[in-house]
Each structure stands twice: as structure tokens, then as C-alpha cells.
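Following this line, the structures themselves.
Below are two complexes that have subunit A in common, paired first with subunit B and then with subunit C.
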Partner chain A sequence: MRHDFLDRYSRQDTPTHRASAEAKLTCGLAVVALTVAAPLDALPYFVALASALVAVALAARIPLNYLGVRLLWMEPFVLGVGVLTLLQPQGWKVFLGIVVKSTLSLVTMAVLANTTPFAEILRVLRRIRLPALLVTTLALMYRYLFVLVDEAERMQRARVARTFDRRRLYSWKMLATVLGQLFVRSTERAERIYSAMLARGWK
Partner chain B sequence: MHIPDGFLDLPTALATGAMASAGVGVALWQAKRTLPARRVPLLGVTAAFVFAAQMLNFPVAAGTSGHLVGGVLAAALLGPSAAVIVMTCVLVLQCFLFQDGGASALGANIFNMAIVGGAGGYAIYASTRRFAGGLRGVVFGAAFAGWCSTVLAAVCCAGELALSGRVAWRVVFPAMAGVHMLIGLGEGIITALIVVAVARARPELVDVRAEITRPGQVLALGLIAALGLALFVSPFACEWPDGLEKVAAKLGFEHFVSEKPMMPSPLPEYGLPGVKGAWVTPLVGMAGTLMAFALAFVLARVLTPKKEI
Partner chain C sequence: MTAAIEICNLSYRYPDGREALRNISFTIDEGECVGLIGPNGAGKSTLLLHLNGILPEKPNGAVRVFGQTELAMMRRDVGLLFQDPDDQLFCPTVYEDVAFGPQQLGLPEEPATQALAQAGLVGFEKRSPHHLSHGEKRRVCLAGVLACQPRVLALDEPTSGLDPRGRREFKALLHKIRATKLITTHDLDFVAEFCSRVLVLDQGELAADGPAEEILSDMSLMLAHGLERPHTLQHRHPH
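Moving on to the complex of A and B:
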């Protein structure tokens, strides 16, 4: 697994990436809030926002097809909930409006994530005095996420290499064993991390 | 169940955000007082574990696949306040890096999946595992709580969507509750299987004799979950068919509300065809709950060895 599959382009060096994380975070969240609050038929605003997002993505050298693929991944969830609005009169208007709003917010967040390294976001969260336990947990989670995803993949691969039974019940049981084992390894890792943290003067 | 941006209006987003902050605040305060320092890294690593676990899909039926949500699993293995923190971190990271769940709906998602799903799930787990002793009780509680927490979180989610006036309650409630009554089965089974797998490898991690950690801890978080349910769901539940219209008229978005159901669904209005009356919906809900209860019981019997070691 590539270690940057979540925010692949967040560590580039462009003026957008160099801008302060505080400003980008505030800006991104404000744009999302504005989009959510906008009326369903605010077409000029949607068009303006879409072109602004494309401009920022180009300026930050985030390939548009990467954003497109990200969008394809996430759009089914938007459509899944959105379909419910179709079941009422005039539903398609609500549906179109909501899907456009959702998609624009999604792209906004994707651009934000790919122009701001998560470490910078953590620094901002610490600066606005978010409780230390929450920030520590987020930081450790981001750090070990890739390690555990790798570990899970290794275990899955080992399992696939050794068994070839694809019955459903069997695969559930195998998945549970893999996950249970992953949890056990995670707790052991956490114990080692704690010793390492103490050794480096954490308190 | 992650609500994307745009589905909640600002008042609902703010209200759910306030409830979520209250719940997470209580959990953090409790964790600060009761969590030993050596468990702090465990929270972060467990959060990473839940994130990784959510990326592994298991086949369900007809080519679809599901994945673990993990609120009850974290609650059963770490306790309620730790579970709320873990799930909150998972949701924050998913929102920022994965764009799974909108930034404006983050409060709602944290409330549904971390507080209702995690702490509420823990309350159900802690009270139902007494029906059987030892590991069997733990497995039974985890399976049943896994189902309940999924359905409860879905109902909460439906309430928030309806309160925002985008989707009518009579459309969104049966859809969300019905689908998640099925998804919940998967969550319950997988949670139970993982608990058993952990108990096999490291029995001391699944403490079968541990009593419910400080009733007050569950009470405070449970209170917030209940308050949220009252706030987001009860406006629709009390006056069954007309609740939404009333709220809609009061808040001024009645034009969104449908007059009659648009599509004849196989179970119209979440009830059995041909049977009329407001009592049908609770009846279907109750039948589902009893079935999940029975399933959890069977699961606990099948998965645990006959004799406790």
C-alpha cells in the first residue's frame, strides 16, 4: 500500500501548499458552510465555485483525474442517500440541488486535504485548544493507520495464499479471525508505543 | 450511514454539532479521570484499527459487500468513553482525508455513530450480556448490541435528514430502518466473531468478569444519546403519520413534504400490506428486534465452547 493513498498531493511545494493551514482550513470550512446554506437553485454560485475549485486544483498541481477518481469513489454514497429525495413530489429538483451541493462540498474537502498535510491540521487543532487527548489520539491514529492497513493486507494476502475456499460463511469467519488477530497485534503495538513514548520523555 | 454535505440544513447541523460536542466532551472528561496513562496510545492505535477494519469488505449477497462500523466492538473491548473518543477520531479522519461524511454533517455523524452507536451500544451490551454467563454472555451482548446500535444510529440519521426537510420522514424512516435492520445483522455477526477471535488469542483482553465500569459513566453518555434521540426522532414518532407535517409547517418547509407516498413499496409505510393502523410499525420493529435477539443467542451458543475454561 502506498503510504499516501489518502492525501497523495498534500506534500507538494506550490504557493497553495505554502499558504497557512489556518487560512486554508477556515476557507475550506467556510466554503462548505456557504454551499450547504445556499438555496437549491443557486446556479451562478455553483458554477462560480466549481470553476474556482478547478482553478485552485490546477494551481496546486493536483491532477483533475485524481479528483475525478476520488469523486467516483464517494459519489455512490451521495447518490444512495439522494435517491430517497426522489420518492416525493418535485423530488428531482431537491435531488439535483442536493447532489450538486454534496459534490461541490466533497471536492472542496478533497482539495483541502490535498493541499494541507494532516500534521498541519493537527497543529491548528492544537492551537485552537482542542483537548490534548483528542489531538494525541488523532495524531497516533494518522501515524499508525498506514502501518495497520499494511498489516491487514499482509494478513489477507497470507490467508489468500494458503486457502482457496470462497464460501460466504467461511470468508466471514476468516475476516473475523484476521480482524481479531489485527486487534491483538494492535494492542501489543500500543504497549510497545507506550514504552517508546515514555523512553522519549512523554508525560 | 455517513451523511454527506448538503443533506442537513444549518439548524440541524448546528444542533447535532452541539450534541456531539457535549457527548465527546463528557467522554474526554471521563477518560481524563479514569483512563490510565498507558492506555492513551491504545486509543490511537484502536482508532487506526477501526479505520483499517472498515476498509476490509466482506461479501453479503448478490455481489454487494459490507464492512464493520466498529462502535460496539470498541465499546466492548475498551469501554464506553474510550469508544466514543475512538469513533470520533475515526469519523474526523474519514471526513478530512477520505471525504467520507461531510464536514457540515460531522457533528451528526459523530452523534449517530460515536455516541449513539458507541456509548448507546455499550449500554445495550452491558445490560444484555447478563442473559448468559462468561464469554457466552459477552458474545451474545456484542452481537445484539451490534445490531441495535446500527438500527438506532440509522433511525437517528433518518430523524436528522427528515428534520432538515430534505426527505420526508415517511420515506426516509422505513428506508433507513429497513436497510439497516439487515446491515445490522452483519455488524452483529462480525462483531461477535471478532470478539471470539480476540478471546481465543488473548483471553485477558476480553474481560468476561468485568462488571459494568461505573454506572455513572454510562449514565452521562446514555443521557446525551437519549436526549439526542428525543430531539431528532421524537418529533416524528409521537404523532405518527402527521408529525413531520406539523414540524414542517412550524419551520416553514411544508412544500417539501409529500402528500402521499409516491411509490407502492412492498411494505408500504413500513408495515405489512393489508394491515392498517399505527401499531403495525412498532410491531415490525419488535419482530425484528426479537429475531436479532434470537440470532444473537444462537450465535453465542455456536461460537463459544460448551465448557468455560
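Moving on to the complex of A and C:
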């Protein structure tokens, strides 16, 4: 079962991990804001930030190839948004800018997530008075993401164990069934979780 | 004796119209430990949920906990342990989960620390629920329930999915808790060892209610309701 694909390295013990979550979160958000606001041709800033991120990752003993793989997972979303800019004149400059900026922001967040346990991040968010409902939603999302992944994995395994017909169309149909089932199971689980919350006095 | 749980002519239909509980009545006195057994789909879990008034539709009949019918008071007095620990552990860390109940009830957080110690979970405070074993999750769930200091414990298949050691530890833990207990389970040896009284539920109806030993050793009754005589009673020899 994969329970740590989001923040495998967040529970290590290095000076970076020991630093206060408040400082790390502020720093991370500031870096993202700066990166977003930076002009498209601020090359020195981008290079400096990239090297700083690599340095922090190394200091926190987060393997760079792990960050790379995480990035590969996220990059399609960035490219999907960025591709539209190619349609305008001189669009490739904007496209490159968007790719560099979002990649750097993603790495910043990945480094943050892998140096600070999620519960700590939530604690800070609660402290800075983010609406309680939002924090609760984030907490539940983090908690049940793994349960959902486990469930999907189990269903996938059960499906593979009884798949004898390897035609492509059939396997697409099966995938649709699995996704539908997953949705139904998730809503049912959500109801049970809500019951459990009510049972312990949730108002 | 004060009555801890009084259920009077309780009937309930699921939202899709299926009948789940039919005209159920019984009373459980304070301090009793009662086993609720019956085949799969008999309505055992649904019955337990009624003790907390959780189901969205109003049932017919009355459920009273220490004479009260008010939801907030019922939820406070009855600690419900759910069948799947993943449903019950919804907080990011063990400590937050155990402290959730006291926080919601406006109690100090001291009981949470006590409950953690009681369940042998000191040192687990900062762990995330998804990094725990099934047995550990169960104990965290129980600690979360105990932290609310309930007078009645309603446990839904507390030993299912536990290995023998986990089961033993859970039983030892349960043994030390002084509360009225209503336990649904398929683990009949557990009932024989633990409960003084047994309720048999089948197809939403109460099929039997009596002393544990009498009911568990009634072979024809047990077989008629998809159950069997527990091994501990089968192999007991009078010598």
C-alpha cells in the first residue's frame, strides 16, 4: 500500500525538518508569490531560486529524483494550461515563462510538503485563523486520500485477478466501472465518516 | 437498578424502503454487558446507530438513554465504536482524533491524554492514522470514544479483523472499562467469555433475549439464526 507518495520524507530528522512550521510555510508562500509576480525574463532570479531549492532539498535529504518524479506527475496540468498561450503572437515566451514559474512553484511546495508534516501545516493554518471549515476539509482530504488510493488499488487488483479478456475496449469499460464503483464507495464512506463525527459530538 | 438503555417498539426502514428493524423492545440495566448477535444483515449495526440518533430518518418507537431522548445528551452518554476504524479516525494525527470528542463536548483535554494512556498508545500522539496497523487503529478508535467518558459503550464488531494478539489486548482493555456495554459481534467465543446476556437479532426482529450461557448453548436456536454454539461451550467437560 502506498501511503507516502505525497510526503514520504516529511517525517525525517534534519535541521530543515526541525525548523518551525510557521517559518517554513511563510517562506514557501512568499517564494511562490514572488515567483508568480516576477517578470517573465527574470532569469537570474529563476536560476537562484532553482539552486536554492536544490540546496534545501539536499540539506533535508530529499532525493532529487523523487522530486523529479513528483514533478512529472504534476507537469501535465501545467502544460495543459500553458499550451493555450502558444496561440498568441510571441506566445512561446509566455509559454516558457509559465512553465518555468509553475515548475519552480511546484518544487517549492513539494519541498515544503516533504520537510513539514501535514498536521503541522494544518496547525499553522488554524493558528493564522484560516476558516475552520476549510482547515477541516483539508485535513479530511489528506486523511482519506490514502484510504481512497488503497481502495482503488484493491479494486484494481481484484479486477486484474479476474480479467481474462485483454481487448482494449473491454478494459476501458472496466476502468469506467471501477471509477464509478469508487465514487459510490466514497460517498458511502463519507456518510459513515459524518456519522462517526456526529457520534462524537460534531456540531 | 437504573435502566441505561430503553428501546420501545422501535421500527426503522432504510431510505430505499427496505425494512431494517421491526418492533424491537428491550431494556439494558446500568453495568450490564450484553452481546448482540445475529446473521449478516440482521440489522445489528443499524440498531447501534439508533443509540446515537444518527440515521437521518425519524424511526418509529422510542429510544431512551438513561431516560433521556435528547440527541445531544444521548450522543454524550453513548460512545459508539464503528465497524471500520478508517471511518472513525478522521483527524490527521492520533492525538487530534482522540481529543476530538472532548473538544466538541467542551470538556478539558485531560481525558484524551488519559484515554491514550489507558489504550497503551503513549508515544503514538503524532502518528497519522494511515500509518497504523489495524489493531492500533482499533485501539485509537476506542481511546477516542473513551475520551468522551461515555456511560454506555456500543461496540460494532470490535474484534473483527484483529489477529489473536490484537484480540487479546483489545479484550483486556475492554475488561478494565467500567461502563454499560452493548457489543455486536460474530465472535461467539468472545460473547461467551464476556457477556452475561445475549440478544439475538434476525431479519430486523428480536429473536431471543436471555442469559448468555442459556442462549449460546441452545443449538437449535443458534442454527436457526445462522449462528452456532461457540467452541468454548462445546468443549467444556464436567470434571
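Simple rule for what comes next: the second predicted complex is superposed on the first by the 160 of 203 C-alpha atoms of A that agree within 3 Å, B and C clash if a C-alpha of one lies under 4 Å from a C-alpha of the other, contacts with A are read in each partner's own complex, and residues count from 1 in each chain.
The working rule: a residue touches a chain if its C-beta (ideal position, glycine included) is under 8 Å from a C-beta of that chain, and two chains touch if they have at least 3 such contacts.
All values derive from a computational prediction rather than experimental measurement.
A simple residue count on subunit A separates subunit B from subunit C, and the partner touching more is B.
In the superposition on chain A, contact is made by A:201 with subunit C only, not with subunit B.
When the two structures are aligned on the shared chain, A:139 is found in touch with subunit B and with subunit C.
In the superposed pair of complexes, A:26 makes contact with neither subunit B nor subunit C.
Once the two complexes are laid over each other on the shared chain, residue contacts for A:119 go to subunit C alone; subunit B is not touched. By the touch criterion stated above, A:193 is placed in contact with subunit B and with subunit C alike. Touch criterion met: A:131 reaches subunit B, while subunit C stays clear of it. Of the two partner chains placed around the shared chain by superposition, neither subunit B nor subunit C is touched by A:14.
Contacts of A:51 after superposition: neither subunit B nor subunit C is touched. Where the contact sets of subunit A with subunit B and with subunit C meet, they give residues 118, 139-140, 142-144, 147, 189, 193, 197. The residues of subunit B lying in touch with subunit A in their complex are 2-10, 13, 24-25, 28, 31-32, 35, 37-38, 40-49, 51-53, 55-56, 58-59, 61, 68, 77, 85-86, 88-90, 92-93, 95-100, 102-104, 161, 166-168, 171-172, 175, 189-190, 193-198, 200-202, 205, 255-259, 261-263. The residues of subunit A lying in touch with subunit C in their complex are 3, 117-119, 122, 139-140, 142-144, 146-147, 189, 192-193, 195-203. Those residues of subunit A lying in contact with subunit B across their complex are 6-7, 28-29, 32-33, 35-37, 70, 74, 77-78, 81-82, 84-85, 87-91, 94, 98-99, 101-102, 105-106, 109-110, 112-113, 118, 121, 131, 133-134, 136-145, 147-149, 151-152, 156, 168, 171-173, 175-184, 186-187, 189-191, 193-194, 197. Every residue of subunit C that touches subunit A in the complex is listed here, in rising order: 49, 52, 54, 72, 75-76, 78-80, 82, 84, 86-93, 96, 100-101, 104-105, 126, 128-131, 144-145, 148.
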